[in-house]
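One structure is given below, represented as C-alpha cells, and several questions about it will come after.
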Amino acid sequence: MDLASFIGIALACIMVAGGIVAGGDAGAFINLPSLLIVVGGALGGTILSNPWKRVLSLGQILKKAFFSESPELISIVQTMVSFAEKARREGLLSLEDDAEQLDDPFMRKSIQLVVDGTDPELVKSILDTEIGLLEERHAGNKFMFDTFAELAPAFGMLGTLIGLIQMLGNLDDPDALGPGMAVALITTFYGSLMANIFGIPIARKLTVRTQEEVMTREMVVEGILAIQAGENPRLVEERLKVFLPPKFRKAFEDKEESQ
Amino acid sequence: MDLASFIGIALACIMVAGGIVAGGDAGAFINLPSLLIVVGGALGGTILSNPWKRVLSLGQILKKAFFSESPELISIVQTMVSFAEKARREGLLSLEDDAEQLDDPFMRKSIQLVVDGTDPELVKSILDTEIGLLEERHAGNKFMFDTFAELAPAFGMLGTLIGLIQMLGNLDDPDALGPGMAVALITTFYGSLMANIFGIPIARKLTVRTQEEVMTREMVVEGILAIQAGENPRLVEERLKVFLPPKFRKAFEDKEESQ
Amino acid sequence: MDLASFIGIALACIMVAGGIVAGGDAGAFINLPSLLIVVGGALGGTILSNPWKRVLSLGQILKKAFFSESPELISIVQTMVSFAEKARREGLLSLEDDAEQLDDPFMRKSIQLVVDGTDPELVKSILDTEIGLLEERHAGNKFMFDTFAELAPAFGMLGTLIGLIQMLGNLDDPDALGPGMAVALITTFYGSLMANIFGIPIARKLTVRTQEEVMTREMVVEGILAIQAGENPRLVEERLKVFLPPKFRKAFEDKEESQ
Amino acid sequence: MDLASFIGIALACIMVAGGIVAGGDAGAFINLPSLLIVVGGALGGTILSNPWKRVLSLGQILKKAFFSESPELISIVQTMVSFAEKARREGLLSLEDDAEQLDDPFMRKSIQLVVDGTDPELVKSILDTEIGLLEERHAGNKFMFDTFAELAPAFGMLGTLIGLIQMLGNLDDPDALGPGMAVALITTFYGSLMANIFGIPIARKLTVRTQEEVMTREMVVEGILAIQAGENPRLVEERLKVFLPPKFRKAFEDKEESQ
Amino acid sequence: MDLASFIGIALACIMVAGGIVAGGDAGAFINLPSLLIVVGGALGGTILSNPWKRVLSLGQILKKAFFSESPELISIVQTMVSFAEKARREGLLSLEDDAEQLDDPFMRKSIQLVVDGTDPELVKSILDTEIGLLEERHAGNKFMFDTFAELAPAFGMLGTLIGLIQMLGNLDDPDALGPGMAVALITTFYGSLMANIFGIPIARKLTVRTQEEVMTREMVVEGILAIQAGENPRLVEERLKVFLPPKFRKAFEDKEESQ
C-alpha cells in the first residue's frame, strides 16, 4: 500500500472539509443536481473520449495509483548481479529455474528469452518494444484522468451558468438572489474540487508510477543484455548502480562491505 | 458501432438537461441568435482554419468517432501467425489468394508487396511512410475538432459581450437587467456546452482511434517483415504478442492451449 | 482562390454582425479609441516581436492564406511518373527541357540538380535543407499571426481596465455607470473578435498551407531520387501513390484504367 | 539599430497612452505602491528564478533585442564563396589573413580551425557544440523575460486582491467604493501592461534573434566544411543559396549576372 | 550560498508586504483557516502526486535552490586541462591519486573509470546514463514544485468559493457582505502568493540548477574522453573552452597569457 497517497488525499480533504465546517453550515454544500451535472457530465465526456476497455479498467488503475509501491531499485541490482554470478559459474541455462520463481513477469520473460538462446539484438528489440507499449498504455490511462480533470471544472462552470441564467431570468424575489447564486456556485465548487483533489493528482501519480516502472524495466534490460554478453558481474553491478540515486548508491556500498 | 461513445455523450447530455429541467423553466435556454453566433462563428472559423476537403469529410470523421470499433488485436496476431505458417509450408507466393480476401486494405497491400518480391527495405519504407501519412491525416481531422472546441467558447464569450454591451448601454428599465444578463449568458453557456460535450471529447476520441489504427498497422509491418524474412511462426507470434496488453496475452495463451 | 477561406470568414462575420443587429443599436459597437488601442497595441507588439522583413511581407502572407489553393497531389504523381518514363526511355538529360517549362520552382530545381549530374546524396541534402528552411520561414509567418492573436485580447483587456478605472474613479453620476461599462467592454469585444475571427484561424490556415506545401515537396524529393536511381516508373508511381489519401488513390487507379 | 523594435514599442505605448488621455484624467493611472508591487514582485521572482549572471546581463540582452540588426544573409554567401575561391586558388592556409580581419568571432574561429588543419569531423563537432550552447544561452535569456512576463500579471492580480480585501473589509463610506476599486484595478493594469508591451514581445524578439544567429552560423558551418573538403566554389554557392529566402535568391542571381 | 535567490524572494516579499501595510490594516490579511486550506490542500495534492521519497527530500531540494552556487566553468576547464597534461606526461594511471582528492563525485568516478582501463565506449555509455538519470531525478523534483504551484491557486479558489457560498446563503445582515467577501478573497490571495513568490520561481531555479549541473558534467565527459584518447592538452582546452560563454572565454585567455 502506498501510504503517502492516502495521507495526501486525506490531508487535502480534511483541510477543505475543515474550511467548510469552520465557516458554519455544511449542509449548504450538499446539492445532488450539482453533483450529478459535474460527475455525470465529466464522466460522460471521459467515456466518449476513451476506449471502452480503458474505462472498464478504472478500478485497476486506481489500485495502481493508491496501492502499488515504489520499486526497490537496490533489490533489482542485487538480483541481476546474483544472476550474473550464477550465469558466469554455471552457464546461462542455469538461470531457467530462478526465472520461474520470479514474481515480475518482465524479468521472467527477459531471462526466458536469454535462456532460449534468442539473438541479443532480438532480445533488446522485443524488450524495448514491450517497454514502449507499456508507456503507451500508461499514457492512455493518464489521459483518461486528464480528461476527467479537464472536464469536471468545465461542467462545473456549465452548472453555474445554468443556475445563473435561471436566477437572473426570474428576479421577482430579491431575497432569493443570494441563495440562488450560492447554489449556482456549488457546481463550480464541485468541479474544481474533483479536478484538484482527485483528477490532477492521480494523473500525476500515474506518471510517476510509469516512470518508476519504466526505469526498473530499463535496468532489467541493461542487466540481462550484459549477462547475455557474459560480462563480469562486477561490471554488471557498475552498470546498474548508475540507476540508483546517489544516496542509495552509498547505502548499497555500505551494505556490500558489511557482508 | 462504438456503444461507449453513444453512452458517453448521452450521459453528459442527460445530466445537463436534467440540471436545466430540475431548475425550472427550460424554455429560457433556447435562444436562436445565441445559437447562431456560437455555431456559425465557430464553424466559420473552423472552415477558415482548415482545407475545404477536410471540412467536407466531417460526416466521415464523425462516423469514425462514433461507429468504428477498437480493433481485435488478438485476431491480427492469429492472422499473421497463420500467414507465417502458410508461407513456411507453401512459400510466400501462396499468400496471394489470402491477401485478396482480406478486408483491411493495409494488410492486403503489405502482403501484395511481399508477394511481388519487393525488396524488404523498400517494403518497410513504403509501409512506414503510409503509417506516417495516416497519422498526419488523422492529426488534421483532430485539429479541425480542436479548432471548433477552442472557437466555440470564444464566440460564446463574444455573444455574451454583445449582450452585455447592449444591456448596459440602455439601462432605462432596471427590471430588464436580470433577464438581459440571462440572455447574454446563454451564449457563453452554448459555447462551453458545445466545446465540452462535443468538440473536446470527440477530438480526444479521434486521437484514440489514431493510436489504435497505428498500432494495428505497426503489428502488420512487424509481422509481414518477419514473414518475408522467413522467420519461424513461433517467433512471429512472440514478436506480435508483445503488442497485446498483459491481460490479453494470457487470454491468448489459454486459447491456444485449449485448442 | 481559396473559396473556403472567404466563406469561413464571411460566415463568422455575418453571425456576429447579425447578433449585434438583432439586439438593436449597432452604433454602440463602433468606438474609435477602443479600436485604436486594440489594433495599434497588438500591431505594435507584433512589430516588436518580429523581424521587420516579415512584417513587410504581411500582404503576401495573407494572400497565401486566402488565395493559394490546395495542391493537386494527383497531378504531381502523374508528372513525376511521366518524367520517370521519359528518363528511362531517353536518359536523365532529356528532362532538361521539361524542367524549364515547370511552374513550380522547387520541382524545376530538383530536376536541374539531377540533370547536372549532382551526387544523389547531395541532391537529397540540398532539397531537404530547402524544405526545412521553408518550414522555418512559414513557422515564422504563423508566429506573427499567433503573436497578434495573443496580444489583441490582452490589449482589449487593457482598454477595458482603462475604461473601468476611469469610470470607477468618477462615480458622481450613477446613470453613467452602465454606458461607461458598456464602452469599457467594447475594447474586450474588439480584442476577442480580432483574435477569433482573424488571428487564430489565419494562423491555423497557414499551418495547413505549410503542411500541404511540405508534403508536395517531399513527394518531389521521393520521386526525383527514385528517377535519379533509375527506378522502374511503376515503382515510382507506387512510392508516390502512398502520399495520396485512400479515396484519391482509388480515383487515381480508376483514371489510369480508363486510359 | 533595429528601428522596427522602437516603432513597435512606441506604437503600443502611444495607443495605450492615447486611450488613457482620451478618457480624461491621466493622473488616476499613476500609483507608486501599485507600481512597486508589480515591478518589485515580478523582478524579485525573476531574480529568484534565474542565475545571477544572467540577471546582470539584462542590459546587454535588451541591447540585443533593440539594437542588433537582422544579419545580411547575402553577404555571408558572398564571403564564403570568395573564401572558397581563394582557398581553391591559393590553398587553405591563405585564408589566415582574411580570418583575422573578420568581425564575426564565429566565422573567424571556423576559419582558424580549418587553417590549423583540424580534422573535419572535429571542426564540425566543435562548431555544432558552439551553436548548441549559443541556443542554450539565448534560451536562458528568453526564459528570464518569459518569467517576468508571467509574474508581472500575477503580481498585478495580487495587488488588486490586496486592494479589494482592504476595501471590502472597510465599507463604512460607500462613496469610497468606486475609487477604491479603481486603485485596486490599477495594479492589474500595470501587470498586464508590463507583460504585453514589454515582457512578451521582447521574449519573442529574442527568439527571432536566436533563430537568425543560429541560421547564419549554420551557413558558416556548411560553407566552411565545403571549403575544407575542397568543393567547387560554384557548389559552395549552391549549398548556401538554399538558406536565402526565395525572393533574395533571385536578387542574388540578378546581382551576380550584372557583375 | 546563492545570494541572488535570497535577494529575489526578499524583494518580492517586501513589495507585497509594503503594499499591504501601505493600504492600512495588515491584520485583515491573517486568516488561519484560509492558510490551512491553501497550504494543506496543495500539500496534500502534492504528496498524492509524488513518490514519498521525493517529498521527504524537500529540505534538500530547497537547499539546492537557495544554497548551491553556479559552477565555476573556468576551473573545470583548468582541472581537465591539467589532467590532460599529467596524463600525457605520466600516463593515465597517474590520475588515480588526483581523482581521490576531488570533491565532485562525478568527476572522481569518470577518472576512476578511465584509470580502471574501461573501454571508452562503455565509459561514455555509463556517464551518459548517469547524466540522463540526473536530469530525470531533477525533473521529478521540479515536478513537485510545479504541482504545488498549480494546486495552491486552485485550492485558493476553492477556499474563496467556500466563503462566497456561505456568505451568499446567509444574507440577513447586508453589512457583513463586504467583510465576508474580503475573508473569502484572502484564500485566493494566499494561493496566488504561494504560487508566484515561492512555487513557480523555485521550480524555475531548479531547472536552471539542472542545466548548470548537466553542462558541467557534459564538460567532464567531453574532457575525460579526450584525455582517454590521449588527445593533445591544447585540443582538450579547445574542446572545453567552447562551453564557456564568450565573455568568459576572453577572461580565460587573458588569464592564461598573464601566467
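Per-chain numbering from 1; labels A, B, C, D and E assigned in written order.
As a convention for this text, a contact is a pair of C-beta atoms (placed from the backbone, for glycine too) under 8 Å apart; a residue touches a chain by one contact, two chains touch by 3 or more.
Bear in mind that the values here come from a model prediction, so they are computed numbers and not experimental data.
J.: Work out which chains are contact partners of both chain C and chain E.
T.: Chains touching both chain C and chain E: D.
J.: So which chains count as neighbours of both chain D and chain E?
T.: Touches both chain D and chain E: nothing.
J.: Return the distance between the CA-based centres of chain C and chain D, expressed in whole Å.
T.: For chain C versus chain D, the centre distance works out to 25 Å.
J.: With chain centres defined as C-alpha means, what is the inter-centre distance between chain A and chain C in Å?
T.: Roughly 40 Å, centre to centre.
J.: Scan chain C for residues touching two or more other chains and write them down.
T.: Correct list: empty.
J.: With touching defined as stated, please give the ring order of all chains, chain C first and chain D second.
T.: With chain C as the starting chain and chain D following, the sequence is C, D, E, A, B.
J.: Hey, which residues of chain E end up touching chain A in the complex?
T.: 33-34, 36-37, 40-41, 43-53, 55, 105, 122, 126, 129-130, 133, 136-137, 140, 143, 147, 150-151, 154-155, 157-159, 161-171, 187
J.: Using the touch definition from the top, list the residues of chain B that touch chain A in their complex.
T.: Chain B residues touching chain A: 2-5, 7-16, 18-20, 22-25, 28-29, 70, 175, 177-179, 181-182, 185-186, 188-189, 192-193, 195-197, 200-202, 204-205, 208, 211-212, 215, 238-239, 242-243, 245-246.
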